[in-house]
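The chains carry the letters A, B, C, D, E and F, assigned in the order they are written, with residues numbered from 1 in each.
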Amino acid sequence: MAEKGLFIDALRRDGLVTFLALVKDKALRPKRTGGWYLYLLLSDRTGEIEAKAWDQPQQTATLFERNDIVKVRGTIELYNDHPQLIVQRIRRCEVGEFEETDFCPTSARDREEMLRELQGFVDSVGNNHLRALLQSILNDPLVATAIKVAPGGVRLHHPCRGGLLEHVTSVCNLAEKIIEHYPRLNRDWLIAGAVLHDIGKVEELGTSRRLSYTTRGQLVGHVALGLEILERHVARLEEFPVEIKSMLQHFIVSHHGEIDKGALRRPVSPEAILLHYMDEVDARLEQAWRLIDQGPAGEEWTAYAPSLERQLYRWCPLAQEVDAR
Amino acid sequence: MAEKGLFIDALRRDGLVTFLALVKDKALRPKRTGGWYLYLLLSDRTGEIEAKAWDQPQQTATLFERNDIVKVRGTIELYNDHPQLIVQRIRRCEVGEFEETDFCPTSARDREEMLRELQGFVDSVGNNHLRALLQSILNDPLVATAIKVAPGGVRLHHPCRGGLLEHVTSVCNLAEKIIEHYPRLNRDWLIAGAVLHDIGKVEELGTSRRLSYTTRGQLVGHVALGLEILERHVARLEEFPVEIKSMLQHFIVSHHGEIDKGALRRPVSPEAILLHYMDEVDARLEQAWRLIDQGPAGEEWTAYAPSLERQLYRWCPLAQEVDAR
Amino acid sequence: MAEKGLFIDALRRDGLVTFLALVKDKALRPKRTGGWYLYLLLSDRTGEIEAKAWDQPQQTATLFERNDIVKVRGTIELYNDHPQLIVQRIRRCEVGEFEETDFCPTSARDREEMLRELQGFVDSVGNNHLRALLQSILNDPLVATAIKVAPGGVRLHHPCRGGLLEHVTSVCNLAEKIIEHYPRLNRDWLIAGAVLHDIGKVEELGTSRRLSYTTRGQLVGHVALGLEILERHVARLEEFPVEIKSMLQHFIVSHHGEIDKGALRRPVSPEAILLHYMDEVDARLEQAWRLIDQGPAGEEWTAYAPSLERQLYRWCPLAQEVDAR
Amino acid sequence: MAEKGLFIDALRRDGLVTFLALVKDKALRPKRTGGWYLYLLLSDRTGEIEAKAWDQPQQTATLFERNDIVKVRGTIELYNDHPQLIVQRIRRCEVGEFEETDFCPTSARDREEMLRELQGFVDSVGNNHLRALLQSILNDPLVATAIKVAPGGVRLHHPCRGGLLEHVTSVCNLAEKIIEHYPRLNRDWLIAGAVLHDIGKVEELGTSRRLSYTTRGQLVGHVALGLEILERHVARLEEFPVEIKSMLQHFIVSHHGEIDKGALRRPVSPEAILLHYMDEVDARLEQAWRLIDQGPAGEEWTAYAPSLERQLYRWCPLAQEVDAR
Amino acid sequence: MAEKGLFIDALRRDGLVTFLALVKDKALRPKRTGGWYLYLLLSDRTGEIEAKAWDQPQQTATLFERNDIVKVRGTIELYNDHPQLIVQRIRRCEVGEFEETDFCPTSARDREEMLRELQGFVDSVGNNHLRALLQSILNDPLVATAIKVAPGGVRLHHPCRGGLLEHVTSVCNLAEKIIEHYPRLNRDWLIAGAVLHDIGKVEELGTSRRLSYTTRGQLVGHVALGLEILERHVARLEEFPVEIKSMLQHFIVSHHGEIDKGALRRPVSPEAILLHYMDEVDARLEQAWRLIDQGPAGEEWTAYAPSLERQLYRWCPLAQEVDAR
Amino acid sequence: MAEKGLFIDALRRDGLVTFLALVKDKALRPKRTGGWYLYLLLSDRTGEIEAKAWDQPQQTATLFERNDIVKVRGTIELYNDHPQLIVQRIRRCEVGEFEETDFCPTSARDREEMLRELQGFVDSVGNNHLRALLQSILNDPLVATAIKVAPGGVRLHHPCRGGLLEHVTSVCNLAEKIIEHYPRLNRDWLIAGAVLHDIGKVEELGTSRRLSYTTRGQLVGHVALGLEILERHVARLEEFPVEIKSMLQHFIVSHHGEIDKGALRRPVSPEAILLHYMDEVDARLEQAWRLIDQGPAGEEWTAYAPSLERQLYRWCPLAQEVDAR
């Protein structure tokens, strides 16, 4: 494995540097004096730096793509008070030359293990139609590949490689616990809802190391993309009951809970109602703990989180200390 | 063709009557004295009447279904000040024995003619992929049968047999006119959007003479059902470009315009934006003229329309009269 | 124990009847001919009937109060097509003469058992301050008496005698399960939040057999009444840490989740966030299953529930049947 | 005609420059060392630059006003990393010395031609009262002068000199087309509504080269200013029927469609309903194409447009290319 | 003055009756047996009764109009359990034959006295332009006649003859008091705002004894009608400063406070801000005391008031009693 | 009294400076080279400056706390184009060494005088229970100390030392005036509501010279903190009527007027309704005049005020000038 070299936030502001980085953006831009230069936005998990390649920009641009990891050598200069890298050499890195976690946030759980756990839930579904359908979807190469890297969201919850898988698995486990308290709930519906509600995110958010929407994701969203995946696999199964398909579609279109939050229908069954709340609980808790952990040390409050319209309180877990006084 | 007999609003309040009616509801109910009677809700375009069959209710109940047209004979009695029919004889009518328009509101335009007109629009689409897809959908037996009877809505707009077809055809024609003013618009997209945006209503509202939601319609809605129809036909065509599919999906998920009005995405292209407004214009104008025509005669204002949160003003078209004074 | 006599929905429309009923309303009203009569609204779990006592109304009115159970004898007459009871004899029943469940909906769980369960949760709290406070509140005679009869709500969720206790105990049990999945959660906070979030309902909804708001409940609401109970008991404990009090107050003022839903603050800790969702989940599931069980038999959908802005789908639990076809 | 000189985005960052510019702001400001200097904000269609005149600031300030075009000579310096112009000479330019389009965005259509087109629509109105009123308004010198330069909006739609005229004329043409599809519509009402709905913008946005609100515009808005213009001209005509005036007032007060969008009344006639949608369609399409044309080249998506709460998709018109693959 | 005769709520349900009533509705309706009858809706301040005239309906219909007071003789019959009057004789009453307050709610304050008080406020305005304008408006015969009878609203506040005058005068007096506390406020602006903010209601609600909207009121509303009155009188005054007109227009268009409450602009000056709150305070207090006074006697709470989304508490003024215990 | 020294906005950008400042923030931060430095944020009423102490940071940090006034000597350097102070000497100042108004905005009214005025209002309350309660609260040392320094808000209204007291006293005076116009109002309730509605702000915003929320304020808010203070003092009084307590609690929980504005209940009595509007009027007028007075000089409009969603118009008070032309 190649050396990562310095992380971006530790680059010396002068002298020659060599390091690995993710290509977040790449464009040919006109020089004031005529001709072109190659503009790059490079990043790792510690930050970003703009870079320019003045020599043979068009040829250099063919060596790698957005989203690739590259090994780059150059010098740091100040431009309008901002550091930028003047590229001398750059090449694409192969898988094996780098640690993915150096370049983008990645789920703390092992992704292969999570996938096995998810398959276990699917295999445990009692209804034959449902189980066959869920297995078909998880075995779909497109889904199987993507679910290991897709994030749960761009910013709000589980914004990391494997975040979607972490979220889905967590909701399955949560369902398992909640059923123990409300035995009237139907376990098959809940597992199916947990697996399918966000499945469209494998296309909406995709597999890019940059957390961002794909074009299809921005045009139609994960609800419609999830419906598409469902329809494709139902079509492959024989005599799949339309009543079951309808209920699965209902889970997908209702899991945002309210019309103005992006649901096409409000949840109409106990399982659909619970699915919505489990999705919320798992997303909000992950977000809360992440913000709290990021939080500036020594402060009672996190920074203001616009999506939550609040700051979070960081002291709570320490109730014991009060008691011990 | 059988005689309709009296319309429900003209039934004499005493004596023996014979007439044809639509069965809106049918149920076996317990008698106070034990045993069962057959409860019916009968209707025609002038009103509704409750009916009871005391003799052999279970056997009678097998003779016809909800949504059938029946010929019924009986006597009218008052019960809690409301007239009800005591059934003596009842039988199912066959197609040909009755005029459908006697029993449920029906589009004023000829449905075969509208369908030919719609097919003409589809055939005129220039893009081969788009044209093939639209033809495939219109030739789908399920769609072809249902589109001739499905309404545009239960109450709001085009609430009549054939109303969906009338709305879709009208939006195609409207698009044709608006393109003349804005030539930059892409005609293929607009025709495709006009044909597909509400296509899920063939399953959401279905083919029943009673205007109502189907179970699938209530569970998943016409947006998701339209996406399902689209996906089914795209799967049948070879090498259908995913970019075109995405845009068609976008038309379907965005045609309600705003998230809190039931759109999954806001319209992002000029054609998608216009499609939303054409849908609104055609629905609102149909609704407005229908309310205005319903009277009451001699009044300046219609009754209050809750869905519009207003009364409509009935005098406007008479501007000429003012001028002539 | 006295005989209940006929239930109100089974009263014969003529002849003399004797039965037990709850007095929902009581008023002296002027007779057209001068003088007064006693107006009553009587009910049991099957319905309501208006009653009039023409003889010695003022004296009769002193024999019982609103919310009492009475034994009444009289005749049924029709007035404006509605049955009413002309009272001949009426007297107050003592506890022991009647089954409370005949007159108002009552929790299906045994209330003493639920209370013991709740006390068990309280006793298991690890933090000494928290445990002492919760014990103090549960031992408060006002709270201890009321919590066994107060409902969870007038209409929306747990609208029955003991409904509040059922809801609170259920949320404690739910918390226990969810902690198993998210071990980072603080159990003490969750149990305290579960016990306290709705405690003000013992004064807001009170102990009346009629499910209704008290005057204090209508003026200040259960959030403020819960804060009052909390403050009263904190004042009784020595050196109760203000940090713990603040967090408990936060649970009470934030448990409705959003400002426009009646929260004074949005939840700012993981436990406060989860408490809101557990409250929602338990309330919504109870409401959903109750509506589903109320029928109507044979229908796929419940009646429209205005507070949920939807009908609920009754078929879901039967997924197995589809599979078995 | 004078030379424009360099455009602001091409000014050399050093040396002496001479160019023409619009005065967007002008103020005397205190020098740290006592006395005053003249602060200017200069602009052309390519950008803005701050300028300072140190010599004889008060006298210089009298030579021109905000909104004038000036010819200026000076040197560029850096101040806090921002370029600023140190003025050596400056004088007001007369009409004829410059091309207006160099300094502010201007409608692409010829304004005289649009005005003739609009007059043609007005002359074609059949109702004598309506036609006379519209002619009176268009002949009002205040209106006639302003309508040739007023924009359609400051930022949202038609934000350019002549933009209002372009919008109004376009809505007239659009109405003409839509009437062909819905012949029941009254053409006179639609033309009158198209001409009058935004007429108050001639005072709200005014004639300044800087797109901005006038004081009256900010205080009372174009709806009230439009009503004022209407009232002034109705008063000049003999026996103008109050029924027609009321309907025209209704068009003005209802054209924003919904109360929370700035309508005083919701549209109550088919023509008023359509007017609202035509206004929306024309504004949204102009805005969409403008954003799409602004680039950035090679990108699928425009920048985020806050007023639309979305990015727009730039690829749509190219459907043909997909087909041709 | 004629005798009123019995009030409608005291009419005997049989026998011949003679009384005076307001004609709220009048229509010729078809008889089942052919021909027509005259349908009337008669009312006084105690209630309503439907009436039918079978003899010479067309001729009878010419004798009076909606909104007239009539003297009627006839017999009461029951029809579908509702009493109705069979008319034998009916004639129009002249002013002087009846007391208006017998037929419609009327302000408790003397209307001539209120008008003098209002004129006093207007005469006390210091600014010559403002004073002349307000005097011109109050002397406008249309305004002067209507303001003595127009209500403040149909249902919400001051829904009685003279209610508008009562409201406007009250806001003037309130302003006088509030200025004493905030001397920085400009008294002229406040008096002008108080007089003008609702002046359009003289046309919106009009002079009918039935509290209802006029056609113009429903089409354009009192804000636009107030602007019209203002513009008409400004046009009559010489050299009225446009700055003052703009501010007065601002008061009218901003007095509802928020855009979604019907304001075209939010209030932007201290006086405009205060005007909005004074309007609210005076309307809400009148409404609250009216609801409280309407009873029902002995109840702590009023009936639910939908426009306020609450019940009001009736006990408050009695705080003294608590103290005296 | 010590010299203030230069104000922060007048500090020379080079050379040695000595001045007094408020410590807004204080933190030990790691040096790049290892070890720590002391970071400070210093402010006075003219602005802020960051400061760093490199020598003996830990020891220096013990000399003063956040919110103290310090005397500091050091040199100004530029860092990333921003000036910062390198601290040479720093020490805490004692009361008497500085003028508080040099460091934070302070009410223009004398605070002792306002407090006497408030006590006068309290002493004038007629109801014995109410008067005793209000006196008890004002005599509470915690309240008495804090009310002299607590602000009315952090940004929106009365954001200055003593601002809360200024607001409360002003509302009392306003009530006094409004009662003169509406004599039916109960004065005792209004004075009590004025004194108590915001009393929780003494804990929510606290006594810090930096205007900011305390932790308790952020967790539970001034409504809940006000209820707590009320409950504490009611508990100290004998036989305080629960009906009066309920109404006072109602004033506190309803004074924000609407649920989505932070009220737990909507105001249900005339006095509660008026209290809400008086709170609004006093807050909005203070805010409006403050914004207007802040300039900028010569401009008709203030800067945009996000909390009001508008700019304010600064010209209004000058109506006289128009008249004088």
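Here, a residue touches a chain if its C-beta (ideal position, glycine included) is under 8 Å from a C-beta of that chain, and two chains touch if they have at least 3 such contacts.
As the structure is a computational prediction, the values presented were derived from the model and not from experiment.
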Those chains which touch subunit E and also touch subunit D: B, F
Set of chains whose contacts include both subunit E and subunit C: B, F
Shortest walk length in steps over touching chains, subunit E through to subunit F: 1
Candidate from C-E, E-F or C-F with the same interface as D-E, over half of contact pairs in common: C-F
Whole-Å gap between the CA centroids of subunit A and subunit C: 44
CA centroid of subunit A to CA centroid of subunit E, Å: 62
Residues of subunit B engaged with two or more neighbouring chains: 81, 215, 218-219, 247, 250, 268, 311, 313
Chains that touch, pairwise: A-B, A-C, A-D, A-F, B-C, B-D, B-E, C-E, C-F, D-E, D-F, E-F
Complex contact set, residues of subunit B against subunit E: 81, 300-301, 311, 313
In the complex with subunit E, residue positions of subunit C that touch it: 80-81, 215, 218-219
Of subunit F, residues touching subunit E in the complex: 126-130, 170, 173-174, 176-178, 180-182, 184, 186, 188-189, 241, 243-244, 247, 250, 266, 268-271, 273-274, 277, 280-281, 284-285, 288-289, 292, 308-313, 315-317, 319-320, 322-323, 325
Subunit F-touching residues of subunit C, taken from the complex the two chains share: 215-216, 218-221, 223-224, 227-228, 231-232, 235, 242, 246-247, 249-250, 252-253, 259-260, 262, 264-265, 268
